[in-house]
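See the structures that follow.
Here come two complexes built around chain A, the first alongside chain B, the second alongside chain C.
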Partner chain A sequence: MRVLVCVKRVPDTGARFELTPDGRDIDTRNLEFTISPHEECAVEEAIRLVEQHGGESAVLTLGPEAAAEQLREALAKGIDKGVLLETDGSEWDPAATAQAIAQAVRELESADGPFDLVLFGNESADAGYYQVGVRVADALDRPCVAGVKGLKVENGKAQARREASGGWEIYELPLPCVVTVKEGINVPRHPSLRGIMTAKKKEIRRLTPEKPAMQLVKKGLRKPPERGGECEILGEGVAAVPKAVEKLKEIGVI
Partner chain B sequence: MSEFQGVDYYGLDELLTEEQKQIRKTVRAWVNERVMPIIADCFERGRFPDELVPEMAELGFFGANLKGYGCAGVDNIAYGLMMQELERGDSGLRSMASVQGSLVMYPIYTFGSEEQKQKYLPALARGELVGCFGLTEPEHGSDPGGMETTAVDAGDHYVLNGTKTWITNADVADVAVVWAKLDGVVHGFIVEKGTPGFSAAPIEGKFSMRASHTGELYLNDCKIPKENRLPEAVGLRAPLMCLNQARYGIAWGVVGAAMACYEEALQYCRERRQFGKPIASFQLVQEKLVDMLTEITKAQLLCFRLGQLKDQGKVRHTQISLAKRNNCRIALEVARKARDLLGGNGITLDYQAIRHMTNLETVYTYEGTDHIHTLIVGHDITGIEAYR
Partner chain C sequence: MILGVIEHDRGKLNEASLEMLTLARALGSPVEAVLLGADAAAFQETLKEHGVSKIYEAKHEGLGDYAPRAWGKSVAQLVRAKNPRAVLAAGTDRGNEVMAHAGALLGVPVASNCTEIRPQDGVFEVTRLRWGGSLLEDAELRADPKLLTVAPHAVSAEPAPAPEIAVEAFSPTLEEADWRVRVVAREEREQKGVPLTEAKVVVGGGRGVGSAEGFKILEELAELLGGAVGGSRVATNNGWRPHSDQIGQTGVQIAPDLYIACGISGAIQHIVGVKGAKYILAINKDPEAPIFQRADFGIVGDLHEVVPALIEEIKKVKGK
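For the complex of A and B:
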């Protein structure tokens, strides 16, 4: 089977971050980059499906040349090929992104054959519009399930499981289809040292999409106030227990 | 403790390639997930986490800088960064990778026949076989040339006799690279577990390197097949070449332990309050922290240049000695300062400092003591051998 997984280069804001002087973006000068946790899982799922069923996997991103770093990481984990839809690094709204990806999928499929599955993360870690996967499915006229936490392919069909309150919703989709996955569907692997060395030799195909007019404009970002590192000593030894219990009740742990 | 961030005061990361950073990221993440939650307990119980060996193999940690035979083939700076991250977890973990890669796989790779390479290297890389290296003897540590272990040519096999000690992995190894004198000349032999006359026992009562297998090897009329001699390993130069590889990894590794201690101490000093303010406010504390950072930064620069020289094939063993000597010294000093800054907390395994500190006492001594490395560099610059 052939699986395509789409990812997005996002700043790794694990610790602290600053905004650009115009307040419209995160200042990325001192930050590392990564992909979203949901997408890490989508990459892992693509690798596992191909390990299980045979075939080929590809990873695609829309972004600046630097985003090749994120493709290499997926290639190092075991994805076979990379596709970079190269931009000048400026913001693309979800409609424009989905249009470019759908167009690229058509081009890649006419060259190498159809993808049985196109995987996305449920949402990106930076913008979090929750739209691109669904829009691509619509543009390609393929069925789509979002927020998936279990996926298997059997007898030419995909079975997708979504977590519902206290249970599961189970969907069956014909192939080809589009699935957006959520963290928790699997535990993503680390790239091995061999994988990192092999990734250098894997092909990254570069396409240059036309940027359409943006319909959605991000006006600005606001940083939440920093939480202080205040610590309150409740007491020492046994004497501290009643106050500690009170606190635990207060935060709803007991 | 928050997650390890690494120390990079001089922007050395800018000199690293994407692959080198990616490799460090893999090892760092793996150590965070798999090692940090259990290592204090392993140390306390005197147990090496054997269950992690298959994962270490899967990720390509064994013989990572060798090419072919299932090895990753990374450059020497990436290899050094891997060792740094492993020892940031624990010196015992780095020792396992050092021994497997530099002291078992490297001699087979460098001095072995093609049959030996095919037979052992892929299985060692996959972690299906664990190896050990038998050079040191009870009466011959710094002076391995005086070894008493002998090999006798008995026609269709060799007979080995002798005792080896301070052997990492001794009691769990499937295969040992043993050094013995054949007609008065040092040769290397591959001895497999289960060979009659070959046995091993752990060394008990260690206060350092507790999360590591350390033991003795006994060879009593041990018969090994002719094809188990490493054909190209003739003379003491061969085991010393292996030690150079391991010492290179140590020079990087101990910086990882030092970084862990510094980072932990810095965080502690910013949070721990005395006299109504963080202890990091006090000048004596700041001086210690700055000394630690300074020595770590210098050691990182040594490592980086040493790695470049090694990749260019220009490194001299005396340069490796200088780095091993310096970096072990400063790592031990940084760990002691960290232990001090942590106050009473610093003597417990809730913090890393004392575990690294006691481990580093071993690393300071093994693979060439501080004295021996001093005299190697001393000989190099004066032309006079002070140890003869």
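For the complex of A and C:
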């Protein structure tokens, strides 16, 4: 079984967002980078599927040279190969991103054979367009289901479970297919020391896609109004408890 | 014309569609709607009440139960036939999925989870959610037609009756491959206690709780207050709680009367899930923790001492 998983490099923003003075971007000078939790689960799912069924896994990202870091992390966890679609780091709209990924999948498949499964996150952590995976599926004319929190592959078919109001919806897809994953489908592993060492030797293929004209263009970022008010510190340790219970009475929960 | 994609589950209207229609009416008129896999009769009154002057009722055997690609392709075909200026759906799992297919087939991006839409000549200026709502993005949608989804709860649904409503049947051209991905079965979830999203009091635990065992005192506190237990991503990722208990950007968003955050630092991706809480009480041993900048009340201390004391005191007050 051959599985491809697509991830996006995003800043790990921590406790609060700091914007650049022009308000166009997040100030990333003091930040580490990561991928969305959904994508971490997609990576984990790809590793598990290949552990179960044999075969090969690959991880792909479209982003700046620095995004190789996110590929290495996935390789350290057990993904076999990396693919970097290198850009100048500027923002791509979801139609352009999907087009470049679909084109890369065609190239990779003509070299090494088809992927039975292409995995995505349900939405990217930063842009949250909720569409790149679905668009790649349509571009490749493959069946797709989004928001999956349970996946089984058997006899050339995938069974996907998705949470819906009050329960689960179940979908069946013939392979090859595309699935977008939500956090909760599994608990991702941490890379082992040995994994980190072997990742350094794994292959990362580089392709340079051409950037088309953008049809959805970010102009600026703003912080939404925050929860207002001052925090009233009721005290330290157990000594604060009587006062806390008074407050709970006041606001009507006791 | 502005076209709204009406979301329903087996004939039950999703209220987020009415919020979408409220925003759609501000973009121009007439506002028309497309309905997939359901009879227009059941929706006619409500949609008329919300300003829809025509329903396109898609008729096809492949549109029975929810089938994302068949729904998206039907929308794309209707858009080609009727040339609406803009197409809107609710920014829900289904709304975003159907519009992603429609956008892919029409070759245009979708501006998803918009909170505001300002039409200009040939371009729509939009405000949309980023980082699960932690940030707002101002963007320009230059594509034609304009495909958008509306973030749930961004506007409240206001009725504005249309004088009349017409129904027009249309038959999309679909192949079996378009509807092979569809809901083939459902499972009900068993629910113990109050669901997290409906609880009036939620007790949330994070890294500070330390273990699955540690959550016992949080459960006791929640039970005493008739509430539910949730957690941060650290709690779910460590397997201390099931993922369905995770609050935040990639978990659930809650709006209880009171949220008690125990051993949670207050990262923005967590806080975005409790923005709707009326009050937040934070219990954290670090006085510098960011959670204290977002809470209404705070106790600086070890939750393993504070929570049991809180339980005892509440029991006393309640006379138990």
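Assorted remarks:
Heads up, the rule we're going with is that the second predicted complex is superposed on the first by the 223 of 254 C-alpha atoms of A that agree within 3 Å, B and C clash if a C-alpha of one lies under 4 Å from a C-alpha of the other, contacts with A are read in each partner's own complex, and residues count from 1 in each chain.
FYI, contacts are C-beta pairs under 8 Å (C-beta built on N, C-alpha and C of every residue); 3 or more make two chains touch, one makes a residue touch a chain.
Worth saying up front: this structure is predicted, and the values here are computed from it rather than measured.
Of the two partner chains placed by the overlay, only chain B lies in contact with A:76; chain C stays clear of it. Contacts of A:190 after superposition: chain B is touched, whereas chain C is not reached.
In the superposition on chain A, contact of A:112 is made with neither chain B nor chain C. Judged by the touch definition given at the top, the superposed model places A:200 against chain B, while chain C stays out of reach. Look at A:27: by the touch rule set out above, it reaches neither chain B nor chain C.
By the touch criterion defined above, A:219 lies against chain C but remains apart from chain B after alignment on the C-alpha atoms of chain A.
Between chain B and chain C, the partner in contact with more residues of chain A is C. For the contact definition in use here, the residues of chain A common to its chain B contact set and its chain C contact set are 15, 229, 231.
Remark: chain B residues 5, 18-19, 22-23, 26, 29-30, 58-61, 64, 71-74, 78, 82, 271 touch chain A in the complex.
Listing the residues of chain C that touch chain A in their complex gives 9, 66, 68-69, 91, 93, 96-97, 99-101, 103-105, 107-113, 125, 129-143, 149, 177, 180-189, 200-201, 225, 233, 236-237, 239, 243-244, 246, 249-251, 257-258, 265-269, 271, 275, 278-282, 287, 290, 292-302, 305-306, 309-310, 313-314, 317-318.
Chain A makes touch with chain C in their complex at residues 13-17, 26, 36-38, 93-96, 98, 125-131, 134-135, 137-139, 141, 143-147, 149, 162-174, 182-184, 187-188, 214-224, 226-227, 229, 231-238, 240-242, 244-245, 247-249, 251-254. Every residue of chain A that touches chain B in the complex is listed here, in rising order: 15, 69, 72-73, 76, 190-197, 200, 229, 231.
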